[in-house]
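Read from first to last, the chains carry the letters A, B and C; within each, the first residue is number 1.
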Amino acid sequence: MGRKEKKSTLEVHPQFSKNLITILMIAVLYGVVAYLVYSGNASRQLSNMLISISAYIVMAVSLNLVVGLLGELSLGHAGFVSVGLFSGCLVSIATVNVLPIAARLPLSMLVGGLVAAIFGLLIGLPALRLKGDYLAIVTLACGEIIKNIITNLDITGGALGLDTGAIYSNTKTLLPFAIILVFITTIVMMNLKNSKHGRAIMAIRDNRIAAESTGINVTYFKLTVFILSAFFAGAAGVLYGHSFANIKPSAFDYNMSIEILVIVVLGGMGSVRGSIIAAIVLQVLPEALREFSDYRMLVYSVLLIVIMLLNASPKFAELKGRWSLGNLIRHLRKNKGQEAADHE
Amino acid sequence: MIHFVQTLISGLSLGSIYALIALGYTMVYGIAKMLNFAHGDIIMVGAYAGIVAVFQMALPGYAAILLSIVVCALLGVLIERLAYKPLRQAPPLTVLITAIGVSYLLQNLALLVFGSEQKAFPTIFNLPTIELGPISIDGITLATLLVTATIMVLLTLFINKTKLGKAMRAVSEDKEAAGLMGISTNRTITITFAIGSALAAVASIFYGAAYVYIKPTTGSMPGIKAFTAAVFGGIGSIPGAMLGGILLGVIEQLSKTYVSTLWSDAIVFAVLVIVLVVKPTGLLGKQISEKV
Amino acid sequence: MSKIQPSPLVEYPSKAMIPERDLDAVPVLETHHLGIDFGGLTAVDDFSLTVGKTEIAGLIGPNGAGKTTVFNLLTNVYQPTRGSIMINGFSSAGKSTAQVNRLGIARTFQNIRLFSNMSVIDNVKVGMHNSTKESLLAALTHSFGYGKAERIATERAMELLAFLGLENMAGAVSGSLPYGAQRRLEIVRALATNPRILLLDEPAAGMNPSETQELMENIRNIRDTFGIAILLIEHDMSLVMGICEGICVLNYGKIIAKGTPDAIRANPTVIEAYLGKRGGKTNAEG
């Protein structure tokens, strides 16, 4: 009787164990990485990539909120990163001699996140009336407008970019902040998914009209999603900016937005863990393919096409299903159950 | 005033190029229900085909144009068969990402074959500058306008009067019903891609003639702007693509001349956002009301 | 054209979950001369209806009569061109669909509209959205009352699912449910929004006679237990005549008859609307 009850509650709350696995995964990965970095055993290549990978993880997880949870296509995410980056880094530069990095960096990330969040609201508002491809185009347009404006501002250094030499920090210094940001973003996103608000957002994705008829204020949730998503993207941007000596606004265009979108789609829409893994893989892959040097991007694009084609084929889906982590756990649990039954 | 008219004409010319590309986007979207993100890069391929034809194969101008059109049409069909056809039943986002992959692939192949330094597009036409009173119109500009206008008229007639055009309209309305009526959806979609890509090739000729320098990334921004124009005019609507493309070109040119080249992109995109907020399905877009 | 009376069948207070009912208070739904035009087409016109607090009422009519349009008007999916709607005495004019739901009216759809990628229990929990006390902060941090709110929501959702026999499928993905179960889930979700009146759009569509029987019992059960009114659109006459206490007949967007089942059955205008004139003679005369 006891086991039957446990089974049904677990069926209703399988999310908790899934989320725990994700947290453990990040903890292990960063644990290993931190050990390598601080003991001096990390290769130059690895050390250089770490902050960038961390930033992309946060960018992907935050975009997944819009694309995976709300179900809308956003092609302007780089704009939020950019806005956060420049505002946060300016604050950091202004306080570089006044605050120790332990206070300066979190403050800058907060400012960057908030400024990006404001833009999230600004872009979310026109997005309210639009659907599908029209929404996508508006987000793309807004991303380009942001890029254009920042390129023309003197305070951000114009087209030549912002000189961040004063606040540039190496991986050893930035790693703790990266770890904290990744953890916070992941936990907040997973928490949101398993909450009343998360359910409302997914309901809007699955059937907007039914969601409205069930008393859900679609406007409020669409805006909330854009604001939250933008906040974390902005904070990630600030972190990213501190790992470079010079940042050009032209890098944060629709190409970068698409790069992040590819990560989200490959990782699985709505899957926080998937976004993390995909972000790591897609940042590491071009580096790993360095031997192919000239052919590197070619191989990358072919891989992308092949993976999407595979994803869509029913045979592959069947294979994926049989070998998924969830099935593995269920299989193990069944065997344990068999053993217990045999002993009774 | 003269300056304004000249700017307007340049804008119409630029807009025509956008319109030609936008037509390809909108036709494929309307019929295959997918956003072919790689479409912009087909222009780049067309331009390189022209360069190869003239400089390496020593073909005369008209043969080069023909070669470019054929290459692009074949490329469009090839991409459709290999990368998009298997994904007919897949969710739209999957197809979009695949299209992005194809786009990167084309750019990187071009990079490998032609290198990253810009190459000059051959002078295929030696057209004189026309003087209409105080206004002087560049020969290329005029040719772009005339040819594009002709193509649009022909395309509209084709869609509305021919059997194949009717088939294309049927498939865009309801793929299954069209299939049940005996229309080969595969053939129709393939032909759509071929026509769309051929139009892109024509656009590439005029683009090359007007802007001269071609790089592997040349197709990217015009592709994005044309995509914007197609949605602006109402995605899936052929007149919408024409209107959207031309308006976008005019707005861009006016901004470049009367405001600043630094702000022209922001202005163009801002206009787009404003229009879509007022008219959420684009200028000529159909209001697809959901059945509740 | 008799006014529909509140049903005398339910004794007050019944085993209702929501106790504060008062038979002398305002009717749960009242529309006055409701109408809507789509461009040049008048889809619904002069629609005046009253539904009593614990009434089971039926809205019938030939295909294309405008029945679902009426439902869309009642829930403000369409904004009426003319006329007014009062839900529990409150006007719904100018309100959004979500706000109208909060006034106390919930519905199901002709073509099932479930949140198909979400689990069965999550569908119900979405229905309970407005009664779940969980702030955004609580949601993001999983504290500040999150645990309690979720626990209450899960308990209540399971209770509601058990009411229509769906508790064993709580964790299943709702899109994978068999058709009949999906229909029942839609009803449970609507009930979860705590409505005063439930609108059911063709609940018996695609059901065989025994399933329809079960549905009839379920509907009566819902009314008796929750103490709410139910207005249903149906084509299945056995269901309509079997459980409706009052029936309203629509044709070409206008009400052609209102009354008890017996009165409607014998009404010549109704018969003509469904069957057409048969050489001048109708059943009532023949």
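Everything below uses one rule, namely that contacts are C-beta pairs under 8 Å (C-beta built on N, C-alpha and C of every residue); 3 or more make two chains touch, one makes a residue touch a chain.
Please read these numbers as outputs of a predicted model, since none were measured by experiment.
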Exercise. What chains touch chain A and also chain C?
Worked result: B
Problem set entry | Contact-richer chain pair (by C-beta pairs counted) among A-B and B-C | A-B
Exercise. Hey, how far is the Cα centre of chain A from the one of chain C, in Å?
Worked result: 42
Seminar exercise, completed: Rounded to the nearest Å, the gap between Cα centres of chain A and chain B is 33
Seminar exercise, completed: Per the C-alpha means, the centres of chain B and chain C lie apart by a whole-Å value of 50
For this session: Hunt down the residues of chain B that sit against at least two other chains at once, touch-wise.
Result: 292
Problem set entry | Junction residues of chain A, two or more chains touched | 209
Exercise. Which residues of chain C are in contact with two or more other chains?
Worked result: 77, 109
Exercise. Taking the complex as given, what residues does chain B use to touch chain C?
Worked result: 291-292
Exercise. Along chain C, where are the residues that touch chain A in the complex?
Worked result: 75, 77, 96-98, 101-102, 106-107, 109, 113-119, 121-122, 125-127, 129-130, 132, 134, 136, 138-142, 146, 149-150, 153-154, 170-171, 189-190, 193
Problem set entry | Contacting residues of chain A [partner chain C, same complex] | 8, 11-12, 14, 188, 191-192, 194-200, 202-203, 205-207, 209-218, 224
Problem set entry | Contact set on chain C toward chain B in their complex | 68, 72, 77, 109, 111
Seminar exercise, completed: The chain A residues in contact with chain B across the complex are 67, 73, 126, 129-131, 133-134, 137-138, 140-142, 144-145, 148-149, 151-152, 209, 254-255, 258, 261-262, 265-266, 269, 294-295, 297-298, 300-302, 304-305, 308-309, 311-313
